[in-house]
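You will see two complexes here that share subunit A, one where it goes with subunit B and one where it goes with subunit C.
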Partner chain A sequence: MTNVQRDQAPILKVENVAISYETRYGDVEAVRRVSFEVGHATTFGLVGESGCGKSTVAFGIVDFLGPNGKITGGSIKFQGRELVGRTENELRRLRGDQIAMVYQDPMQALNPSLTISDQLNEVLTVHRNISEAEAWKKSVAMLERVYMPDCSNVMSRYPHQISGGQQQRVVIAMALLTNPALLIMDEPTTALDVTVEAVVLDLIEDLKRDFDTAIVYITHDLGVVARVCNEVGVMYAGEMVESGPVEAIFADPKHPYTQGLMRCVPKLGSTKESSRLYPIRGRVPAPKDRPKGACIFAPRCDYVTDRCHNELPVMEEASSEHRVRCFHHKEIDVAAWKPSEDLVFDLPAVEEKESQEPILEVKDLRTYYTQESKSVWSLVGLGQKRYVKAVDGVSLEVPAGKTLGIVGESGCGKSTLAKTIVGLEASTAGKAEFLGFDITVPVSARDIKLIQELQMVFQNPDSTMNPSYSIGQQIGRPLQRFKTVPANQVREEVIRLLHAVRLDESYYDRLPRQLSGGEKQRVGIARAFASRPELVLCDEPVSALDVSVQAAVLNLLLEIQHEFHTTLLFIAHDLSVVRFFSDYVAVMYLGHVVEFGPAEAIYAPPYHPYTEALLSAVPIPDPTAEQKHIRLEGSVPSALKPPSGCVFHTRCPRRTLLADGGLICETEVPPWRYNTEQHRIYCHIPLEVSRQMEPVVTAG
Partner chain B sequence: MAESEQSNPVSTHPSRWKRIGSRFSILFASKTAMIGLFIVLFWVLAAIFAPLLTPYSPTEQDYKARNSPPSAAHILGTDDLGRDLWARLIYGARVVLVMLPINDHLWLPIGTAIWGVLLGLIVGATLGLMSGYMRGWKDEVVMRGLDAMMAFPVILLYMIIIAAVGSSATNVVLAIAIVGVPGIARLVRSLALDIRTRDYIRAAELRGENPWYIMFVEILPNARGPIIIDAMLRVGYAIFAMGTLGFLGLGLPPPSADWGSMVAVGRRFILAGSPWAAIWPSLAIASLVVGLNLLADGLREETMRYQ
Partner chain C sequence: MIVKDYMTKHPVMIDPAMSIVEAQSIMAETKTRHLPVVGEGKRLVGLITHETLRIPPNILTSLDVWEITRFLSNLTVKDVMVKCKDIITIGPDITIEEAARIMVEHKIGCLPVLNEEIVVGIITDTDLMAHLVEMLAAPEPSVRVTMRMSLATGELARLVAAISAQGWGIWALGGIYSPKDPNSWEAVFKISDAPREQVIAALSKIEGQKIIDVREVAG
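Then we have the complex of A and B:
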């Protein structure tokens, strides 16, 4: 990014673009007044919550808006040539092979019935008119460029035979084969696990440098933006409200919306004792409800004046290259910001009933799924049975009223562990006791009193409520079923619960589809707490929500937990959220708990090598923070045949610390090493060695 | 509290009307569905108001005017026994769409074709929900049994059933239901397989709900869209089947007005120069089946358009 390059004309210049979609109720303007430029070797991040129009902008650039979308105004110039208003054939000629796209889900971007080589070669033989043999050579070279291990072998495989991270690398390689001038990436790492995401983000960073490509990077994750982008445009409700260099946006956000977003995300290391999350009040207006001829953020802004409601703000220069769409950006002092009354709540100091009696005690719990082999014998039940060891010897204990966070990547068994505890899966072996009840049996064999004490909050807001029944009926059902309150008081109790999750009683008769994602999640929480359970299991309750909504839901859970003195099991993959929310943390890998202890002990040395790798992979929403660079090789082994000895030995970056390069890790099961009475690590590395590791993250 | 109880009916009613209104707006948005609805409504209304729409009874014979072409006295003409074709046609529609004769004195509202489909729906949905939700050996047993039934050609199955139990309106209902069960069960099973993976089913299981409660209260209402559209198509097929059975002499016993047997009898006089007795009931069957298909297709397209 030298000055010479800056002087050149931008690759992409978007000016005042407006895009509309046709619907049954007339045209809806999804995007308006969006302007930005992307130059050589620059990554421009488009950030915003869902429904703010960032993907629509990307699809507008390549004219991929579908049969009911159209660009209604403004101009999009690609390498100086106008793209708006051209026919499809003209567009194809203008763009040529100069624009490439990478989508969120690599499995859908690759054709499952063609080999990787077919798909890569096709790009070259079609666009470059070269021979198959030469295309093969170039494709292999490109796969090497994206750090694909074992390239020539991968070429002859089908997409399902390589891992998700490798698939995304193939998609990126495919996009880069024609050396495009512009690369549009729409949430390319959202579907990936955090350690894989880290590797792909490194790759994107390298490629931008080497290929001199302009990248438009769309994401909702502020941490990812901080890691890969040079410039950022913040979108809100279809408009761009702020744009500028990434350091300026993070260090000195000018627009009240951007400032609000920053207050919504927990920093890695912040805890519920030391800090609060402040959600932005209100919700993003639907396109047809957006204020006209006024600032679109005015209804939710803390600094709103009459002028904001009556006049349309324009993009103003706050400093060179840092533009903001706000009348008052000069007067706003972020440091002096105080949360409004309704956002402040005090968690009453819990009188420490230091009984420390664990309410839930799990010992050596195992849950295996049987998988029949594909032989003829298995048809008659004589085949060899194999076991997917989803949970393989987990022990943990949770004190009453505390929160245990369970982290780990997909496939580590955290969801199976949760399902076993609540009884949706039957355990294979081991002991699990809750309030003295045996909970190794499935829910159908449990006493109704026990069922009542164990409830769950689900991940996906869209499927957590039954679409056919009103909110009131659905919260009322557990009340009737468990006879929590007399039948004639169900309605009052439901309304009380609605108030507890900060919804008013007008929601009683609404149907789930009339609610936003965050509201549905609140109702899901109300339903889980309706039977006044002792333990509530939260399976990724906020991972499908936007950051501002996520903050509100987390606050709500904290509040309710304190009100009911409930014990929570909190499953998540976002380490900042877990740190913020939990008292204890269990880190899981391949069916095992590899590290267990109080939250603050997990996030500081000594680490388990896997915890260390996880922490160094988390994207941190702070471009100045220093993070250790540890990347895991390969992919998670199959739970059908877990590695011998320590399950992590195939990928462990710290094995070299041991004698013989960690030969012992392959042969012997590691011991539990107790750092403190509560903090234990499942590793061969002696504590004296791992204590000397440096912390992974140091604030900038 | 008192205040909220008073305000509630007021606040829910508009939304309920709006809900019903929005459901019908889907119907009006599709031209296909509107044409279908128009045809179906024509037959339903003609059937309901049959006694008002013709001065004749369907069995009244006029020996002086046999096989006569359309005229002022008989707007669609008469058949070989001099019975008014228009009267027979709309009374025939009654049996199909608005009433089910049990015996000479007793009849139930809602027509034979619709009863057949409803009965098939009840049995098929129960089996489908059981297989789809409970899985395991119950699924295998039910689905293999239904597969075996599906192996029979439909027309053969109809003939076997009617030949076994004899021809009457009730038995036609039974035949339509039995033939419809495998298809309905498969549809409901596939929907249940999808819906059972949703989180709200987990939530119900975590309340320790009875499996039958989960199947009928939690799953079934969410499968209603595709089931309703499928049922409309099935009513069309059932009408077609009734026509076929009537044509083969296995339908309602004479002299009741049955479209299929009208075609069968009228067929003999086509070459004799009076095709009317065969043409009108054929057109009636065709138009009603086409109408129901258009309605179902239009609804399906319209519900999928903006997804």
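Then we have the complex of A and C:
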């Protein structure tokens, strides 16, 4: 194309920036040697694990570092103007007018005591100095631009009265009201559900084109990067180790750390049989322990040489726009990479037992939460009770030694289902049998032997551990309670368990606060497996963890499962992880299981329309993969008053396949359609029709 | 082709209180020649160009070296900029040929694009030049032809029919009144996937039209 080569200066130019925080130990350098440029209508992705300084860089740009943070070197130029060393007043004007930020949690960015209109109008009346009425008009127009349904109504609501996705749209609208040249987005979709995330990511892409805005996009999710970014900078321990166009980074990562990250994430479609995840060994050093005058990744690198320990690598050009901070990037051959000894483990082939006796059988299980009506009668106990139907008629069965993955958006009832099975919530109706025992009774009424066989790993390891008890005591507690081993052998058993989760004996006397997130989750797993249970329920065990830690924890669970031949119930919202980890998958929507079957069957046609939409929304860490574009409209209906007929009919994009535009979906409960004996779909659409759907994801 | 789709959005803008030394360094840094000066809420108050930064020779000769430095460092953008009332501006919804006409008429190099006083973009002579190039650009090597035809209706349709009869496609097309003959019109276009000789052979058969120029170009 003979496009004229126009030398347009970048909107933002960051050069060799170093940022320090003052702490008790003196100044700690959180970020150093970071350089990048962002041009018009370009999204620059900053990726890296937690604590690597991504957010510090973003805050440094607008000088939001707090009283103890300061920029100690380098330059940050915004449209040619140096930002480092500006006074507070000058920066404030720039921030309001030309630079905007969108933060991770929309609820914290919005003021809960002001209506949406107050908050939007304020931006215009303060920075643009225009009248209230004019500001109102412009705000409504902007809300329309971010595809907010029912704009003028939303204007008069308070933040808590709209959904999370809508809140984030309000925040984005607010950021764009002054038409900024630079937009900094700090994990804007991390707190959102995958289907909502997909819509917000589409919106960001649209707005970038329309407004010609330069975007700095901070995220830890490689899938999101592949979807929205044009250029990527990979950060590790406060330094930028690699940067370049997104295609180059994904197709041909040069830095050993980037290569390691890619090996940590399961691709959508990979399974535990077909592939392995390889965590990066070691952990990110704390800022004060970082190697000085040496390659920062050297302690964890597979290609390390003496030079790496003694000399500081500089950013070298691997190709015209692809830069990498590594001495050996030319010699490293990714294809020849072999996992080191400690990462390889063989999963012994499980002998297929003929009798696939389900260990857990749930039939038509219901868990309702009662909610008193607001009438006066309810004060004296005469009011009509209403029910939140969190789990509404779920049937599933899990064969022994297998893993069942449960996926669905937040509020679909997957956690309630787990809690009901484990006995933390009382069921309302239905049958649930575990090893032939009835488990519809709450945990307090259960036999101790039964409790022993059913254990749980929780999402957030921090809040499930007692901060004042040592790790050894906490793992030892179930051993004593269930008398798994004689009292005098508890310590040995705990240490054996610690070894099983790859922690050494020294952890016995440590307190939870001395452990990293990944280590705490390992302790949580050790504690769950202490009583040698038959079934372990894992409620989002890896979603709070960084990708490299996530890979290690998933591997660990796989290993332990094989060793103890335990059955796992694995709840997650990340479809790639579930595909990788599970033998069977149940897709839940609004308290119902809408599709159930072997993992590989769920991810290929025929689909339930909801599964199809979920698969199309999930971000894939591969910029060349083709994904069908299906977006769900509206938000999940209230479980207090679920829709009649098929619960999904209000949002179903496939209803048009049926006669009368799917009138039957509104009136009649759909039948279970059996694709195979094990794979069933809860939908009115005949299988002959849904079999002809194309696969959602095709690899590039 | 409407200005709002072709202007530079988010132009580099400066404060009236900025020193001209800094304004100069921003111009050098961002490789721009025009800086809109904006006040509260990106409202246009002035314009800085290379000409405005030039110090009149009579001042230069009357000052010694040390005084020049001081003179320069005290000078702010506000002192030298073209004032708002003297700037010619346009709205975002006019066509780019209209914008070009305004620039030619006033012999100026840039037009700030305003939406109710607020600067939303800028369009410069270089932008227009770049778009002229793009209008006549083809993605691959092609044959560039100039044809002269009469002003009668249907002439262009005959030309296009002759080209499509050969199975060729037209990549870029522009037209202008013939500079040599005010009663005729010249069409400039590029043809893909066709050898020069065949193009000449096919086009010379069209009655009443004349090939002015044929050449092979890279794009």
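FYI, the second predicted complex is superposed on the first by the 690 of 700 C-alpha atoms of A that agree within 3 Å, B and C clash if a C-alpha of one lies under 4 Å from a C-alpha of the other, contacts with A are read in each partner's own complex, and residues count from 1 in each chain.
Here is the rule we go by: a residue touches a chain if its C-beta (ideal position, glycine included) is under 8 Å from a C-beta of that chain, and two chains touch if they have at least 3 such contacts.
For clarity, every value in this text was computed on a predicted model and none was experimentally measured.
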**Message:** Taking the superposition on A as described, I'd like to know which of subunit B and subunit C A:E331 touches: first, second, both or neither.
**Reply:** neither
Of the two partner chains, subunit B (first) and subunit C (second), which one does A:I448 touch, if any: first, second, both, or neither? first
Applying the touch criterion given at the start, work out whether A:A9 contacts subunit B, subunit C, both or neither, answering first, second, both or neither. second
Name the contact category of A:D660: first (subunit B only), second (subunit C only), both, or neither. neither
Thinking of the overlay built on chain A, is A:Q459 touched by subunit B (first), by subunit C (second), by both, or by neither?
first
Larger residue footprint on subunit A, choosing between subunit B and subunit C, goes to B
Listed in rising order, subunit A residues that touch subunit B in their complex are 23-24, 422-424, 443-444, 446, 448, 451, 454-456, 458-460, 463-469, 474, 477-478, 481-482, 492, 495, 505-506, 508-509, 524, 527-528, 531
Per the touch rule, the subunit A residues reaching subunit C in their complex are 1-4, 6-9, 11, 40, 77, 79-81, 97-98, 127-130, 178-181, 211-214
The answer for subunit B against subunit A in the complex is residues 1, 4, 8, 11-12, 15, 29, 198-200, 202-203, 205-209, 218, 221-222, 224, 305-306
Subunit C residues touching subunit A in their complex are 8-10, 12-14, 22, 25-27, 29-32, 40-42, 118, 120, 126, 129-130, 133-134, 137-139, 218-219
